[in-house]
Amino acid sequence: MGAPYVSVAELAERIQDGSLIALPPDYSLVAMAAVRALVRKGVRNLHVLGVPVAGFPADVLIGAGSVAAIETSAVSLGEAGFAPAFTRAATAGTVRVIDATCPAIHTALQAAEKGVPFLPLRGLLGSDVLRHRDDWRVIGNPFAANDPIVLIPAIRPDVALFHARFGDREGNVWVGRRRELATIAHAAHTALVTVEEVRGESLIEDETLAPGTISSVYVGALAHAPRGAWPLGLLDLYPPDEAHLAEYARMARTAEGFASYLARHVLGEPVPA
Amino acid sequence: MGAPYVSVAELAERIQDGSLIALPPDYSLVAMAAVRALVRKGVRNLHVLGVPVAGFPADVLIGAGSVAAIETSAVSLGEAGFAPAFTRAATAGTVRVIDATCPAIHTALQAAEKGVPFLPLRGLLGSDVLRHRDDWRVIGNPFAANDPIVLIPAIRPDVALFHARFGDREGNVWVGRRRELATIAHAAHTALVTVEEVRGESLIEDETLAPGTISSVYVGALAHAPRGAWPLGLLDLYPPDEAHLAEYARMARTAEGFASYLARHVLGEPVPA
Amino acid sequence: MELAPPEVQIAAIARLIAGAGHVAVGAASPIPAAAALLERVRSGGRTRVSILHRRRGNPFTEGSRELFDLAGQGRIDVFFLGGAQIDGEANINLVGIGGYPVPKVRFPGSFGSAFMYFSVPRVILYREEHSTRVLVERVDFVSAPGVSAENVHRPGGPVALVTGRCVFVFERVRRRFRLASLHPGHTVDEVIANTGFAFDRPERVPETETLSGEALDLLRGPVAAELAETYPEFARRAFGAGVG
Amino acid sequence: MELAPPEVQIAAIARLIAGAGHVAVGAASPIPAAAALLERVRSGGRTRVSILHRRRGNPFTEGSRELFDLAGQGRIDVFFLGGAQIDGEANINLVGIGGYPVPKVRFPGSFGSAFMYFSVPRVILYREEHSTRVLVERVDFVSAPGVSAENVHRPGGPVALVTGRCVFVFERVRRRFRLASLHPGHTVDEVIANTGFAFDRPERVPETETLSGEALDLLRGPVAAELAETYPEFARRAFGAGVG
């Protein structure tokens, strides 16, 4: 028995206010259609985890007032520049920013993936990233003398939200080489996944596709969302819509411009059936 | 610049006496042609790591006198029964057996994969597996009170030796869903890989095949070895040769029978070009 | 209809896993695998079954560590372990008899037991051979302990032991087995005589419920066929010509 | 032939990575990426280049953590970092200016710097803007420190800083930068005036060696074209019509 298919709006309904939600980076597979549905349903107080960095979806959620806190190694729109809503909220203090470094996010998720309370990570010592993390610990490496090392506690997100190239009838999803999505699916209590295309044949029984497949054991529900990553890209299927992202970066520089963007591209979007 | 293709014999020549060599389980992709070449070249004092269990190749190497020590969670021929050469050597004390448990082997390799000196693992407390491991440590979980947890030190094999379904011209190899091979390739100093088939097109540039591909960055050398996993199986391409394995299990019950097996199926095998 | 001994054991195990969300089957466990596959069919697919060594269409895509990671995440409800020796406190020995590291008799090794026994809420011990050689007072080597100190993180542990003669349930608080049912044709006296450890028992021990009608047809038909993919040798022996 | 400023910087970086086995390029680094791709071509492919954000044919198959795992394994020889602020001890700040956690000016964040700066033997700092705003006495926030105490496991660290005006090399023992070369048209006095930290310099500072002939053709031809796959906007700006 696999995971059920629901509408994108119903998928968004499964994400509660206050949830810790893990999002992939913009160059991975982002469930933008579901993020827009989240904004439309007026979700509040999300804790966003950028794995390992955050981008366009986080910025839209922050601008929409849906985010209480964000833990990430960076928030950026890549070539389109700084993330304007994040930058505004961070300097206004309206969003709590928990600064990390990329491998610390991976490490925290891998700890949850393995069911251990922490994993160690090299580096970090002497940085202000570490100095401001009361939840991280420095211990002496028990296998060597005088060798301090940082321990990162596990992060178990409530929800991993991402897009997949294919979903099959049992709820297995194919994400190809974007294996950070497997990590967040494993670490999270549940994965909610939009899929570009529904396939009839089992992804997991196919030796060619299985290696890029995340088992339905991790998936709570799916929604069919063609072009569901737009304006971000999907592997080799479609590229990011650079013009749209540049327009967003320009409009979102002011709160008013952000509101116009939202009205035009998010709130007005019809809910997919 | 990728990794070079050499003959199976030359691949075996790259494995020195005394090496720590990581081998996949029999149900994964085992480089049996290369293991036979190792026996023919008379390799000695290998330290074998079974990831996470050992089977047919380890038993052949032990029977041939090539193994000084084996660290593994088990040695077994699966449906063909106990591993006869291992059983004989373990009770005679001619091979040092370092008993582990499956996830401890994965954990030790993932520590090496991540470049950290150790990773924690739940379980194990109160077992004789732990009691006999002077190289493992128990600490108090620094994130909780009165919560003992085991730390497993990293294992960095000298060589990861396995078979792959495809190799491309750059030395990338496709192993499909057998991702334990990626872990041992990452953890080891170098991976030596036999490939069932050489493909002209890049495996890593192909979005469908990339997820099951291990990058040539980890690969030291490759050899083209059609039916290189035989008598073990290769994904859905060919099944294990159960009759041959049963014959091995029967013959290897005595040292004399093992010697006959070796003479017939290993030493007599012509070296592939 | 008379059931063969393996079918009785399969029936007993299937009953113990009823209602489980996710049953995982490790190395060389055809009888537990058969029970799990039967329960999947009977549950209409609500029980998920993952067989580690299934060669085609293996359910894992993260390599052989995924089973253990799943257990660490709390996503496996039922797992099976055996034992060359099993003692009255549910300690299991998969390593050897008579000395360590060079034992008189050597078994394959502990596999994942030293982790899975701690992680999976319902671990079912299965060993067909029920003799004082296997069911001992105290194991020679503890591959995985049956019970742990209170401060040990242990969401999992043993719930039952199924043998060729009977079903024991394990009571963690009392650290003892209790005889729960006898397979058809077996007696309490026989179980006592063939068990090396002391155990509790009710005044009247019921007979192990077996399979009949539709359930048995399922076992001998589609379940046997699916089993043969992973355990061809066992399926031939246990179900013979029924397996195409 | 006159080189545009980005081409001079690419030339300077390419020289610093000559002979490296494996160069990795992280987020938003088109100029270091161009230098790495140029070096790959010039080395006849002996220098491997991995660009994290390359969308098609991304070299990583283990997800976005593979870059960091590779660095932890010691398999990356060269990596690039920038800094909203960089100080005289090679500390870098990618987080913010004026207060934390609520700064006056906020930058994207530390990315992988707090790990990669420790792990990769040759980290090259690159920042086009060379001003007292960027090159400061002391950073407001240490995303990653330039030097560490002796007992800190640190196989990696900074080797050089390339700006729009010059190349500094970093001397770990002295914990100071030394001016190594000036880009064509720039002067020592100008560098002193625009640098917020003290640095060492030889009596005569050489000019940064640039590219000519075949190397320049390679840069403007195949390297620019490959760069455009990942950094289309930059490639249009820097190499214009040359990019098909």
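So that you can tell them apart, the chains are marked A, B, C and D in the order they are listed, and the count of residues begins at 1 in each.
Basically, a contact is a pair of C-beta atoms (placed from the backbone, for glycine too) under 8 Å apart; a residue touches a chain by one contact, two chains touch by 3 or more.
Keep in mind that what you see is a predicted model, and the values were worked out from it rather than measured.
Distance from subunit C peaks, on a Cα-centroid basis, for D. Taking the mean of the C-alpha atoms as each chain's centre, subunit B and subunit C sit 28 Å apart. Taking the mean of the C-alpha atoms as each chain's centre, subunit A and subunit B sit 36 Å apart. Here the spacing of subunit C and subunit D, counted between their Cα centres, is 58 Å. Taken residue by residue, subunit A touches two or more other chains at 103, 110, 114-116, 121-122, 147, 149, 177, 179, 182, 207, 210-212, 235-236, whereas all remaining positions touch fewer.
Touching two or more other chains at once are residues 56, 58, 60-62, 68-69, 72, 119 of subunit D. Under the touch rule stated earlier, the contacting chain pairs are A-B, A-C, A-D, B-C, B-D. Across the interface of their complex, subunit A is touched by residues 27-28, 53, 55-56, 58, 60-65, 68-69, 72, 94-96, 100-119, 141-145, 148-149, 151-153, 231-234 of subunit D. Those residues of subunit A that touch subunit D in the shared complex are 25, 27-28, 51-53, 72-76, 78-79, 82-83, 86-87, 90-93, 96-97, 99-104, 106, 110, 121-132, 146-149, 177-183, 233, 235-236, 239, 242.
Of all residues in subunit C, those touching subunit A in their complex are 22, 44-46, 48, 50, 56-62, 68-75, 119. Across the complex, subunit B meets subunit A through its residues 103, 107, 110, 114-122, 137, 139, 141-144, 147, 149, 151, 153, 175-177, 179, 207-212, 235-236.
Subunit B makes touch with subunit D in their complex at residues 1, 112-116, 182, 186-187, 202, 204-205, 207, 210-215, 217-218.
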